[in-house]
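Here chain A shows up in two complexes: once beside chain B, once beside chain C.
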Partner chain A sequence: MSTFEQAYSWINLRFLLEGLWVTLEVSVISIVLSFIIGLVLGVIRYVKIKYLSAAVGFLIDIIRNLPLLLIIFFTYFGLPELGLRMTPMLAAVTALVVFESAMLAEIVRSGIQAVPVGQMEGARSSGLTYVQAMWHIIMPQALQKMIPPLVSQFISLVKDTSLATIIVLPELLYHAQIIYSQNTTYMVPMYLMIAVMYFVVCYCLSLVARRLEKRYG
Partner chain B sequence: MSMIEFKNVDKYYGNFHALKNINLKVEKGEVVVLIGPSGSGKSTLIRTINGLEDISNGQLIVNNYDLSDKKTDMNKIRKDVGMVFQHFNLYENKTVLENIMLAPRIVLHKDEAENKKYALELLEMVGLSSKAESYPRMLSGGQKQRVAIARSLAMQPKCILFDEPTSALDPEMIDDVLDVMKTVAERGITMVVVTHEMGFAREVGNRIVFLADGEILEDDDTETFFKNPKEERARQFLSKIITHK
Partner chain C sequence: MIHILSENWQTFLTGFENTILCSVIALFFSLIIGSIFAILQTVPSKLVRTIANIYIEIFRNIPLLVITMVFYVVVPQFFIKLSGFTAGTIGLTLYTSAFIAETVRAGIKAVGVGQMEGARANGLTYWQTMRYIILPQAFKLVIPPLGNQFINLIKNSSVLAFVAGFDLMYQGDVIASASFETINTYLVVGVFYLILTLPLSYYMRYLEKKLA
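After this line comes the complex of A and B, so read on.
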């Protein structure tokens, strides 16, 4: 038991919390950016603008079918070879945003598609323009349908930030590793503690989702 | 000028000839009922009138706008030509009152207080004042359809298209909807109605247009059509639909 007590010293916990803070920072920034970009890309795919929608679809298909870790490696180790050097933080955010935007774009597109065509016809036949119909009728309903898949994607994103440990981003998992690499008996206590931290963050997200669903469902 | 005029209109879906050389005039204030077997093109025809379907050939004039001209702004036509659908198509994310007020607000920029007053009047007319704050999912089919009619009336249209408005309803709901449609007809609004309700057609329709296989086979005033249909296919159709009732 004393190993746990020692492992969970105030100084270690504070160090873990610093890591958690970075995890949260990267997560929030990536969620916000990828949601905005994913929304735009998803709408572009849905409305079928000549060439543009096809090009966007092609890019999304490529990105969605690559491992996130490869994208992170490419951003941090590959891009400098091409003359673009980034901090681990910026590289992690960039890689996550690229990957998640592609994932979210598909969720957005299928969410819009799940709104029955009659909704659009009802709106158009009342004299609303296409854009007005999308804004007032289609998108609000689509967003409501998207809440569950969006949130599970956000949860994946939070967990996927741990991949950035490999490019020495000082996030939660990385900080845990630093602690137990100095004393390997701390390994299990550290794993347990960060498991709890990831769980709490992600579980809170799904609680928010349930709330939103109840409110708009 | 007629409210609606089809001149030699054709419509193709790929190779399928859905509407064949349609010539049809609907005068202002007239109630024209389109009947015919399923797949005859009734719905396609009515949906061309507000541009939900485009036409392949010929000329279609609605409320002095030429729909065959690609430059015509469809939204202008739709301001004056409402539509009521088989499956209601009420906005699921809006209350009943909001469903009625939305288009007058953003298309006509109607004054908010006036808009609401008129919407409430319409709800009273269709007998659903108590449902103003309900969402469509809380209503029965018949109630939804009455709201849909109120919604299209809110735009103060010159013409309303009804595409099988009672086909998705339970039998006991149908009369309520037909009653509201009679009120609409009494207001002098031009109506084009696709329906299988022969009682309604007979009572309210000024003219019956019988379609089969994308062609207008008969276009007569209501009396003549029901008493003495000229076409064999119309006769067969009538005898079938009446024995089924």
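After this line comes the complex of A and C, so read on.
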């Protein structure tokens, strides 16, 4: 047990918490940005603007079906070939936003599609313009339907930030690896601790989702 | 792009094979484990349901990479040394099984209690009802979401690159660092992944539409 006590010294714990902070920072920034972009892309895909919707749809399908890890590699190791060099932080956020907005766009599209057509027809015949009907009638209902898949996508995003260890983003997993690389007996305590930290963050998110679902579902 | 492919054809192909092999093995076992936990979540015993729930929540809320690393670096210290491929496949199986359990459980729930009650009233035991009445209907309902889990599984198999699992992503990385043609190599890798995932994805969308 003393290995655990030594491993969980204040210095080590603080170092892990700093990693957790970076994980949360990257997650929150990526969630906000990709949600906005995903919402716009999803609507574009739904409303069927000539050529634009098809092009956006094709691009979304390509990105959605690639591994996130490949996109992270491409952003951090590939783009410098074109003269675009990013810090690990910026590269991680960029890759996550590109990947997640494609995933979210698909969720948004199917959420809107799940709203019965009659809602739009009714709103239009009541004198609302298309944009008004979309904003006041369709979107609120669609968002309700989207809550569960949206939140599970956000949870995926939080977990996926761990992939950015490979581009030396100083997040939770990377900090744990630094600690146990100095003393391999700390390996088990470290993995246990970060598993708990990831679990707490993700599980809390899923509890929030459950409450939202109950309230608005 | 073409010359990268032709010069490294064998390396890419090995990676492609390993990615497929790992995905198929992980799919097979995670389907079995996932279905078992899905059923355990619906049995009358509260204790069993809780245990199944804990398993699912643990593996759903911890990053795949952490699970895989545990099998790659922690397990060898106490038990046997696992190759990167094995460690990665085990991690992938456990991680995916939790998602499949949730999917199948939703399917079982969607079949409805009436089916269970009707079958039980006809004299079938609980397990007979599950086997012959509930599960066949549930699986039909969950084919599209299961297909999406399989697509995720294929994409997630790139985690093998972290543990030297010789999958597509790993081989691509090897080629990229040897040839210095990073962008071209990753584009080829991307095409290989799309060959696997894109047709599946379109097929699942077609099935969803057909079922809806």
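By our rule, the second predicted complex is superposed on the first by the 217 of 217 C-alpha atoms of A that agree within 3 Å, B and C clash if a C-alpha of one lies under 4 Å from a C-alpha of the other, contacts with A are read in each partner's own complex, and residues count from 1 in each chain.
The definition used in the following text is that a contact is a pair of C-beta atoms (placed from the backbone, for glycine too) under 8 Å apart; a residue touches a chain by one contact, two chains touch by 3 or more.
Just so it is clear, the model here is predicted, and its values are computed rather than measured.
Engineer: With chain A superposed, do chain B and chain C clash or fit?
Structural biologist: Result for chain B and chain C: fit.
Engineer: Check whether A:E5 is in contact with chain B, with chain C, with both or with neither, and answer first, second, both or neither.
Structural biologist: It touches nothing on chain B or chain C.
Engineer: Of the partners chain B and chain C, which touch A:I137 in the superposed model: first, second, both, neither?
Structural biologist: Touch status of A:I137: first partner only.
Engineer: In the superposed model, does chain B or chain C contact more residues of chain A?
Structural biologist: Tallying touched residues of chain A, the top partner is C.
Engineer: Touch test for A:D160: chain B only (first), chain C only (second), both, or neither?
Structural biologist: Once the two structures are laid over each other on A, A:D160 reaches chain C alone.
Engineer: Name the contact category of A:A123: first (chain B only), second (chain C only), both, or neither.
Structural biologist: Touch status of A:A123: first partner only.
Engineer: How far apart, in Å, are the nearest Cα atoms of chain B and chain C after the overlay?
Structural biologist: Once the two complexes are overlaid, chain B and chain C approach no closer than 19 Å between C-alpha atoms.
Engineer: In the superposed view, which residues of chain A touch chain B and also chain C?
Structural biologist: Chain A residues touching both partners: none found.
Engineer: Inside the complex, what are the residues of chain C that reach chain A?
Structural biologist: Against chain A, the touching part of chain C is residues 57-58, 60-66, 69-70, 73-74, 77, 151, 155-159, 161-162, 169, 172-173, 176, 181-183, 186, 189-190, 193-194, 197-198, 201-202.
Engineer: Spell out the part of chain A that touches chain B in their complex, as residue ranges.
Structural biologist: Residues 116, 118-119, 121-129, 132, 136-137, 140-141, 144.
Engineer: Show me the residue ranges of chain B that touch chain A in the complex, using the header's touch definition.
Structural biologist: Touch list, chain B to chain A: 50, 52, 74-75, 78-79, 81-83, 85, 87-94, 102-103, 106-108, 148, 151-152, 155.
Engineer: Show me the residue ranges of chain A that touch chain C in the complex, using the header's touch definition.
Structural biologist: 61-62, 64-70, 73-74, 77-82, 155, 159-160, 162-163, 165-166, 173, 184, 187-188, 191, 194-195, 198-199, 202-203, 206
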